[in-house]
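To keep things simple, chains are lettered A, B and C as they appear, and every chain counts its residues starting from 1.
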Amino acid sequence: MADTMGHSATATRNTSVALGFCLLAIAPQIFEFIWSIGTIFGWGAGRGPATVLISHATALVAGAPAVLIGSVGGETKKASSDVLLALIYSYPILAVAIVSLFMAIRSAQDYVGGVILMALALFALWASSDLQGMRGFSFGAGTAPRMFGGLLVALSAGIALTGLLTDGPAMAHYSWRGPLFVMASIVFFALAIRPLGLVVSAFVSFMIAAMGSHETRWLEAAIVGACLTLGCALLFPYVLGLPMPMFPRFLIQ
Amino acid sequence: MDIFANLAHGFAVALSPINLLMCLIGALVGTLVGVLPGIGTIATVAMLLPITFGLPPVGALIMLAGIYYGAQYGGSTTSILVNIPGEATSVVTAIDGHQMAKQGRAGPALAIAAIGSFFAGCVATVLIAVLGAPLTKLALAFGPAEYFSLMVLGLIFAVVLAKGSVLKAIAMIVLGLLMSMVGSDIETGASRMAFNIPELADGLGFATVAMGVFGFAEIIRNLDAGAEMNRDLVQQKITGLMPTRKDLRDSAPAILRGTVLGSILGILPGGGAVIASFAAYTLEKKIAKNPSRFGRGAIEGVAAPESANNAAAQTSFIPLLTLGIPPNAVMALMVGAMTIHGIVPGPQVMQKQPDLVWGMIASMWIGNLMLIIINLPLVGIWVRLLRVPYRLMFPSIVIFCAIGIYSVNNAPVDVILAGVFGLVGYWLIKHDFEPAPLLLGMVLGPLMEENLRRALLISRGDWSVFLTRPLSAVLLAIAASLLILTVLPALRAKRDEVFTESEN
Amino acid sequence: MTSIRALATGACAVALASLCAFVAPSQAQTYPTRGITMIVPFAAGGPTDVISRIVTAHMAQTLGQSIVIENVVGAGGTTATARAARAANDGYTLITGHMGTHAASVPLYPKLAYHPEKDFEPIALLAGTPILILARKDFPPKDLKEFVAYVKANAEKVNAAHAGVGSVSHVSCELLHSILDIKPVGVPFNGTGPAMNALVAGQVDYMCDQIVNAVPQINAGTIKAYAIATVERNPSLPNVPTTTEAGLPAFQAQAWNAMFAPKGTSPAVVASLNAAAVKALDDGTVRKRLLELGSVIPGPADRTPEALATLVKNEIAKWTPVLKPAS
């Protein structure tokens, strides 16, 4: 782990950090929007993109402030899940983003790590907000997730604070090639194993993954990939008896 | 004495040709399953259960038992070579084992894991034969309150084994706990944080997360520009295959302590075996003259947990053989195998089925012998595998992991989830968070929450049960003192730790 | 088959009748041309799995094709059942349904992805596993009458163990509690093994569980049984009285296991599967193995698809009021 660390604790440009956090603050909303585009083509269930856009925008701009003001005035109204997302998740992260603008970050590795971890914890708090709490002396379904969610918020705030108060490594360098092709290979395998069978999906995934490294020599990779596929095709279904489709479905029928 | 007569009878049963063959098949399949990433023991035993339908019951159970402890031997191999723990029990082995491999000492690491496992297996088998019945009381003495305290202690172990910041290690444990809560709530059945995704209804699988944050993340990290240097270095400097005299001297006491801890904790149903390996590692790190060696390729860090997990794998048969109660999922499948043959295990199984019980105990010793004979020569082959150029190695690991994860539930979504956890693991590495505490939190989380809730239900919400029950109080006291011992020096030494680490 | 016979005995032309009689059975005879997959919604080795394996092993001989058991676990068996409901209705994917998946799931899971009556063709009832009222060995009450009085008087103090929401031990204890009109604390465990461990260790007071796991413990005296919730005593526990004998006739529960096919499977296929299942249940070895498990084998009248359809209907009606308020 140590070898990926940066060298010195130079001050990171705070504006880019703050902008990144703003994006993080509305990441779940963006994700749902992208997901909802699929419903146009009839993939998956859920709300359509227009509904998603409008309901999240109103929740962020109007709904959540209204609830905030309402709670100050003593009103308790049941807030919708979108409003809760804005309230529990987006607002705190946005606040952190604004604070970051005015802070000297001494260890970006710790600070950014802490804030993203906090985002995860807040997201978990939102995800468990609809669960039942304590029922008398017995725990409800939501008690433990909220307890540990809260604890993680505190711990991650501690990590972020360490990043502000003590010197440490700067942000490490992320590369894109490895993650992209390894991920593509995994996703291809997952989508192809049922319709195309083990032989095709294992070989193609091998080749996609091989693209993740600039050292790859194509002929060599193709030969090893073919041998590996053959080995897997014998090992998993026959030696271990795992039920697995071998060849593309359309070829069998 | 009775024991000797029984054992002689057991060996007579286990040494019959058909049972020897079953034992060998079990050991071989177990090793294979342990080595292949992703494919778990539970899935394999479940898969092979129908085959045992046509076998005599003794042979069938000898084979299934062989798969179970054989997988403990094999599980260390992938942990050491490619940093992918196939089972929860080999997560700790990966910490120092993979560091040893990086230093060119994969051979000694693999060999000491096999030797430790063999020694532990032999001792634990004798223990089952001699003390099986009295030790049963331990399993019954553990109620929900004691389990909760044990789990707390287990999580403290996870803090101790972290080599970097204590704060970050605790945060990782809590993240693991949160992740373990995805899925159905045990008490109300309510779906928690599953976002209506059917594949998440039963929670995140251990294999999925472990393959992601260890396996895929390690690969992605190794593909980073500039990481080639380190990798090639590893391939150049492979030294001896077998442990040196000094290695053996260093690890002998660690193996002994690991065996004792593993034998005791293995009897406890539930997370016994997992906690055993963590406890053994923590103990070694705490009593070592120079604890900073741990996490950087200390051979005791491989010897102790591997001995502990194999000892625990053997002693976890005690509740099954003496009480008829399966302590974990694999044992539950064994009960299934017996039930299929019309033998329902219960407290009297030892008297009613002496062939089965003593035959199985004797076969465990034979199986361990077979495993060390199989595994020691394999060390050379495994180490040679490390010489395969990484550009060919990494796509192969990706494929093996993907097939393995898919095979657990036949669920493509699991494979994608593992990929996502690979990205999460990459992010964790970049921010210097350690994945081992996260995994331990995930494994122990459900046990901790369930037992906490059970204990509070039984005590009607009275939190003092954890302190008024003596066993529970002792466990919590150990946990508290361990935490103080870890946090105090860590607070002082935090900065130096970070810098010594970046020199590696 | 009955419809064919009706047709044949009808006023139709002899030629037509013989044609029908010829076509229908020939379809049924050629039906299993390849292996059949039987989904078992629980882990290998559990009571449902073992019963399925015993019966299908014999059925495979009758049908002349292999029957592969696929264990699909998750969400109290409902994941597997939902998958079976969506499977092709060609008779090559079947499921062993169960009291939980095909009755108790309806009130327990409001968002259930299938309906036991509407999405399945019943084939045959295979075997039932009786349910016992068990208690730790030093629990004060000596018999069921005392137990009822004790539990009613100490409803605030007693702890009932169960093997997780939706499990047989959970829903059957809910039935017992609704009959007694009490709400004691239910302590959930992760499966019957840990629950039994807690009962043997005396950490909980009582539980309701299937006979398979309990017989050896009762015989060894590590736990005690108050009654068995069936009409007749069970041969593997001759000393345990039925609930009727012991004074609580209202408590009748059995973890029944039955074979279903996806909706729309042709009647001929259902008929041939039913015939194979009935033949298996009449086989001496199959009966012996099922009885060893403490199972109750259904009589001839209860083995028809129609009888199973009625059973599912009645069971849903029985469990809905018991479990609705709980969830």
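Please note the rule applied: a residue touches a chain if its C-beta (ideal position, glycine included) is under 8 Å from a C-beta of that chain, and two chains touch if they have at least 3 such contacts.
Note that the structure is predicted; figures quoted are calculated from it, not measured.
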Distance-maximising chain from chain A - centres being C-alpha averages: C
Innermost chain, taking as reference the mean of every protein Cα atom displayed: B
Inter-centroid spacing, chain B versus chain A (mean Cα positions, whole Å): 28
Rounded Å distance between chain B and chain C, as computed from the means of their C-alpha atoms: 36
Chain A-chain C separation of Cα centroids, rounded to whole Å: 42
Shared-contact residues (touching 2 or more other chains) in chain C: 185
Shared interface positions of chain B, touching two or more other chains: 185, 187-188, 453, 457, 460
Chain A: positions in contact with at least two other chains: 138, 243
Chain B - residues contacting chain A, complex: 29, 32-33, 39, 44, 47-48, 51, 164-165, 167-168, 170-171, 174-175, 177-178, 181, 185, 187-188, 190, 192-193, 195, 216, 219-225, 227-228, 230, 389-392, 394-396, 398-400, 402-403, 406-407, 410, 412-413, 415-416, 418-419, 422-423, 426-427, 429-434, 449, 452-453, 456-457, 460-462, 495, 498, 501-504
Chain B - residues contacting chain C, complex: 46, 49-50, 53, 139-144, 184-189, 198, 201-202, 269-270, 319, 323-327, 329, 331-337, 339-340, 342, 344-349, 446, 450, 453-454, 457-458, 460
Sites on chain A touched by chain B in the complex: 1-5, 109-110, 112-113, 116-117, 120-121, 124, 127-128, 131-132, 136-142, 144-145, 148-149, 151-152, 155-156, 158-159, 162, 166, 168-169, 171-175, 177-179, 182-183, 185-187, 189-191, 193-194, 198, 202, 205-207, 209-210, 212-213, 215-217, 220-221, 224-225, 228, 232, 236, 239-244
Chain C to chain B touching residues, read off their complex: 43-47, 49-50, 53-54, 57, 69, 71, 73-76, 79, 82, 108-109, 113, 159, 164-166, 185-191, 193-194, 196-198, 200-201, 203-204, 212-213, 215-217, 219-220, 222, 289, 292-293, 327
